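Look at the two complexes coming up: chain A is in both, with chain B in one and chain C in the other.
Let's turn to the complex of A and B:
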């Protein structure tokens, strides 16, 4: 089995294309006669368009059309209510997606009010500046903090509540704490701008280059919108310049561009600007949380109550699993959670890396640190005293859990024994030094996927799946899986992906792709291998008389393990049987074992911070992230995911916050100069540790997910380290100098 | 151009309505002041092309070793010229505001943000893009040491910022700003990588620097 041995680190298979500029992202494709779209956004957050002057824009040179709610070409699928059919992993937003350019009603600031099309980007941009609108304004509600009491349970959900034991059991504990935590609006901000390149190649045939995390999902969304057969829609996204969740659905402006392209009869390209990335493609929702926790003097948890209230749009109910990890991460008899949403005059959020779990982990793992301090216990020791080997939420075993080992290895790597229990007691020069840690966890999924394996007589192997690789190294991992099954040298394996002409695959998200698509590749390659074995063992075959389980396959040769020299080259075997190719496609999904176990990946983050008490500046000076995500299929790209989680986590902890001026309902820092993502100077050298032990249940590779846990919990580790350094507890992210100085 | 602006003034129109006016072919055709070429063109319904002709200016620039004689609108940025007109799409647009570094190219050997550079300002200059760092087909060409190092250290994930990172990294060494990891972090901070490959890129740059290869 491939799960028995660790995999070697290999270079990313698409590395050469990425370093030479040869990798083509959606906007890089060249179609003759392409015209350009520019979106004009609303200048108010709520109200109605009273007047719209497009005359000047229409008369500007090169303009091919100005499309508004008054002249938007029809979108056939919009003759019935359009559900919030986010195409990503469940749960999906509920309610009705707003229909772009279909009415004068404004739901959020920046909502498209016109799309200008011209024969060059410059001309479209200039003409867009000539579109003028007047509005009938209404008072917009955009500030979650002012409307927390308006929170409602999401549509169609069972009240958004959970409890076991006594809901308020924490109150009976000798040691209690209550704390409120805030995670502000964060924006995915992948480096690649969102957009689409759409071309009607016939009356009802469509070619789309998209910025999507799932080509099949985009294909399906367009098929529904235009009421055409999905088979006639070709979507290509081999390379995507980062998603982090914003590409989990087909956004209304994509559909609009496709409709306009049909009307104009030319290929159309839309590339939104950076400011529009803050309003048109989702965000991590502003969320306020309260944790009540009770423990006894021995450090045993008695009860936890975790309540979260998050913003959503007025038109759709976006929800995420913010409070979920509180239900199962620790042994605790009395647990209750409550989740509410507040409908605001804002654009709809979408899952952002780690999604709700990252928001929830900040609260839970900060509170665990606060309670450890109250109990005068080491935070790791406190967690170990509440460690659970079975899932207390569902009362069933975990498929695998090596969290204890992760605590131990991470603690050694960061030098945890240098940490003083008493906060504010380590100083180096002008800097206060502190250590913090936290835990992260995320569901390990195995969704349905399909893949094709084509082994040619020349010994080369092609793997195909429609899955998109948004950056984690999917293609590289699939190469490793195919190599492990068939023994084909890695440089003879080609992986083709990111195109709807290939076997169907789920949208890349939820840390599920190696598990889902990897299993399909495993199955397809196994099917190829079985056919080869059959050919070798059949009467008259070169290895006739042996058993299938005696054979091994490596470097293009089938050999009998215990008989050196007894072997046959795969190419000879295929030629003898007059086969030029063995071609197998497999659908793959988990079996009933998935209902018997709880499957999660786990991570532990450790940081050392330096805090300048005069300026309030926090520097993360060391970071160690440990992943328990089963067998690591591609160690090199997996490590990169982990360091990426650290960079994202430093941003979440210290700098990232999209700020709204609530008088106007508009962002004031909607650009990369003012919305601070972590840059080089913010990120130290990082140590990543992989537990790398296979999960025996989840899939044939024993691999669990990695992308989300790399981020989940990290911000709490920083907040906990800041507390250890200074004695100041900051519960509102990001931990900016003003908050620390205010606390002093 | 002067003659044309004068025409606009006489008609009491602003710049934008002058363009509108140009589109009204029959009125334009009747005017004696209109250049004959334009008049003929408009008569043939080619008013858009006329507007284009008026708005274009010549530009001579060396791009990746090839001298280009171009005719462009003065408002076109170097980034959009490279991508949309010359189809050198290795250079990426990340913000269009000089805030992310995805569009970093070399102009006369200095790293610049192509999105903040009007193409007209590169008259007579030498521009090098990621495509110019190697010669030939990206699938087979000999790679630059920095490109090799990015692959070796996995200095990327999605790859979108990578061309800009590599152009910046090469310049960082040439400038003498790669003497320590901390110095690299300081001088590379204008290039954002949202996937967060910073730690690996710092390793790649230090590796190239220590290896002493000519960059």
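Let's turn to the complex of A and C:
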């Protein structure tokens, strides 16, 4: 494989299977004798269960058991209380869950208070409705805005504390800006509901079908919870109907289902309902941010201070990298950041696509636009005046950075020269038109991963890795990488994934899978290729006397580049050596040179909006998103990734907000009718542009990540465009009509 | 969801006798609202009477206009050639509602009878007088969760600015009904005491002290059809719905307008507003003002100001006090092509 050539766009290898119903998602699996369970959630956000009446439920048809804190089977790995109380409030170490159904204490609205098991889903649902609880209520703190001053540094972390130069150096600048930004609770809301199917195949052997972004992670979590050897736990998640981060950990209810399945001695399936998706599987945390910025008249940044305060649960600290990009995105001598959490009576958040960086980028990139306006500068020009070729946070080079080119190509594609510097000056009929842009960036990771390549004498190739495909087209990208190394035609390559019986892989997340698992596939295929070359070159071999670097491999044939006709078919070579298969497994990780570089992907988002000043309605009428993601391994699925991220970005910018009535600590829009994800009519044609230049450092494909940068920054681009259209600055997402009308 | 009995009827008579016979019996039409309410345990029927097989799905010309059967699907009505030609406002309003899938199931009768989308009504752990009336009387025995009004002092961004009461500030969520009230429709119902005709404007009611009652349909009555009188508004009709996303969201405010214009003078006009009251809100004062006047933005603004008299916000929905008149003006401009 050479990173110098662009890859052709190929169709998603599992596309046909998915649209014809052939792909099996966790809930599609049916096992004989399966029982079904339904979770009953708390109706209060804080307090204690005073009474729990389960009699009626127990007597309902088909019911096999009603499990509460009074009779929950023990979870062996949870027997030793970790600090504090068994079920939870601080201090608990990061990543430790509250212990489900272990005490009558309520820590958040929707907290499971009973799990009802029956012989059918419908009967379990009915019986669950018969469980009645009474509570001793306490006042719940659920409103972050009221408790910002309670913010503390997360346990065991520096709280994002960072500074270079003078922490408040911005104050000395001739032009300054202070602004507060809010990102509300957002919920991943993938189409597929969360759940698990657990089956004890023996006293200590377990089969699990789950909705997880990492089968190995689920395997490990269950091994710890049940104190059994991970080898005896088989987890299968080949496909996921959208994850966006909610499957990045094992949730307590999954562990509970496994425990109950063991107790009742039957396979047990849980599929939560839509409103439970708002409380049991995490969310993007409500976050308030303040940016202070100072610049001189020439448009040079003097200082930035970025402070973020986010909600977490009372029982666990969740943190994310909300303030990180401020440290390195622009050349600026004085930078300080701070990150605080407030422990509320809420369920714990989890990363949601773009995670903290998307939240942080909304603040930073809105502020950059506000400052550009103050300086009377074009926002791209302002960014270019503060462009940096080296990472100012760590004082080292970027492994690759083509952000300048991204600005330029995106500007051309959107027609940036139609943008007027003066807000509110373009009108089309009843509508005001505006343009906005923003930058996004996210770490380019290369985690450890392993993969196996099996080349058969018939010329077919099988690639294996435990990685789950949460939707980006992982299998397709891996096919392309294997094809590039071994020259096996794409229709002869089979990728097997999403199962712990396959070589270990990291959890699908962090935009890291093409880099991590792709590298392992590259290495495994390279190892196969090396063996073939060795066979061809050895004394008496068909290409004896040539050098390895003279050989090319394509279409199942090894040939000598400068000797036309001098070649050998791989199948002949293997048969001659009595080989039916060449089977290589490789563990793969980045080398020590990685430490010398800062590795990031970059994106630039451009939008054109139309705003109706009479109704406050905002329509994104055009979107162009440019990715500097290194070499693009699979252009078609990469473009789809980008389009999906932008659609999510439109939701974040204009419609998505999970609303709590703080008097009750409960959501008032916990369904897909009232929680507004962007629908097709909200999403215009999206143009995606790939810089598609290889990163020379990160991995052999030269590929950086794509999933997060597709969304990071997009909401700011919309807010900036709305400002350009109307002169109104909305700093609290989402930008709904009422906010623009109120501002009039 | 509770276990329930299910029967299917093929004649209106059978439907009426079935619902009159036993308490807790509900008609099931498209099911797009009723089933959701059952899942949330807001309504817990003992028995469902499926009325989809009643011969009431037709759309036909009559001597005075058009007759639309109660079980005609929303999508069928929206796509009907007669409707599109003579009552485009109705077609537009229907297409502005819900999603294609829902419109394929939803019926005219069910759409009229759909309950409010107030979140406090849907969550049985939160206070709601509509779900759990405090008064003895009409709906005795219906208490389901705490009484009170969660929306007053709570999240009321979607709520009423006209005609609300201290007991309830919910809005009627239908788009179709805004067109029907503007177009002077009448509703034909049949019940144990016989048939009657109700002017559309009197079909829904304000909450007052009985927020549990959305409308004036009597126990056991079945909606048979809706009649639309012929009009001259087809050339100058517009349904403008302002919502949080471009499709598949309820109205923040919507305006239905139909005008009869000759030489730029408004001969006659119908105006109604959605998302602002417990019933489809007809803007008669604005209509009266506009009659005989030229179609100018200045006049539209004055009409909108008249329409807003008596409006009252409850906090989060205060923006509707600005949005509603703006939407009226916008809709009038579009309908008169003066935009």
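As a working rule, the second predicted complex is superposed on the first by the 726 of 744 C-alpha atoms of A that agree within 3 Å, B and C clash if a C-alpha of one lies under 4 Å from a C-alpha of the other, contacts with A are read in each partner's own complex, and residues count from 1 in each chain.
What we mean here is this: a residue touches a chain if its C-beta (ideal position, glycine included) is under 8 Å from a C-beta of that chain, and two chains touch if they have at least 3 such contacts.
Worth saying up front: this structure is predicted, and the values here are computed from it rather than measured.
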- Message: I'd like to know which partner A:54 touches here: chain B for first, chain C for second, both or neither.
- Response: neither
- Query: Which of the two partners, first being chain B and second being chain C, lies in contact with A:679: first, second, both, or neither?
  - Reply: both
- Message: So in the superposed three-chain picture, is A:473 touching just chain B, just chain C, both, or none of them (first/second/both/neither)?
- Response: first
- Looking at the overlay, what does A:736 touch: chain B (first), chain C (second), both, or neither? second
- Does the superposition put A:666 against chain B (first), chain C (second), both, or neither? second
- Winner on chain A touched-residue count between chain B and chain C: chain B
- Task: Considering only touches as defined above, state whether A:619 meets chain B (first), chain C (second), both or neither.
- Result: second
- Item | Shared chain A contacts, counted only where both chain B and chain C touch the same residue | 122, 126, 673, 678-681
- Message: Looking at the complex, which residues from chain A come into contact with chain B?
- Response: 11-12, 14-25, 27-28, 30, 56, 59-62, 119-122, 126, 130, 189-193, 239-244, 271, 273-274, 470-473, 636-637, 639-641, 643-648, 671-673, 677-681, 683-686
- Message: Residue numbers of chain A touching chain C in their complex, please.
- Response: 43, 122, 125-126, 129, 429-430, 612, 614-617, 619, 654-655, 659, 661, 663-664, 666, 668-669, 673-674, 676, 678-682, 736-738, 741-742, 744
- Note on the structure: chain C residues touching chain A in their complex are 1-3, 41, 117, 119-120, 123, 125-126, 150, 153-155, 157, 242, 244-249, 252, 316, 318-319, 322-323, 326-327, 329-330, 333, 339
- Query: Which positions of chain B touch chain A when the two form their complex?
  - Reply: 16, 19-20, 22-23, 48, 51-52, 55, 73, 75-76, 80, 83-84, 87-97, 99-100, 102, 129-131, 133-134, 138-139, 141, 143, 147, 150-152, 154, 156-163, 166, 181, 184-186, 188-202
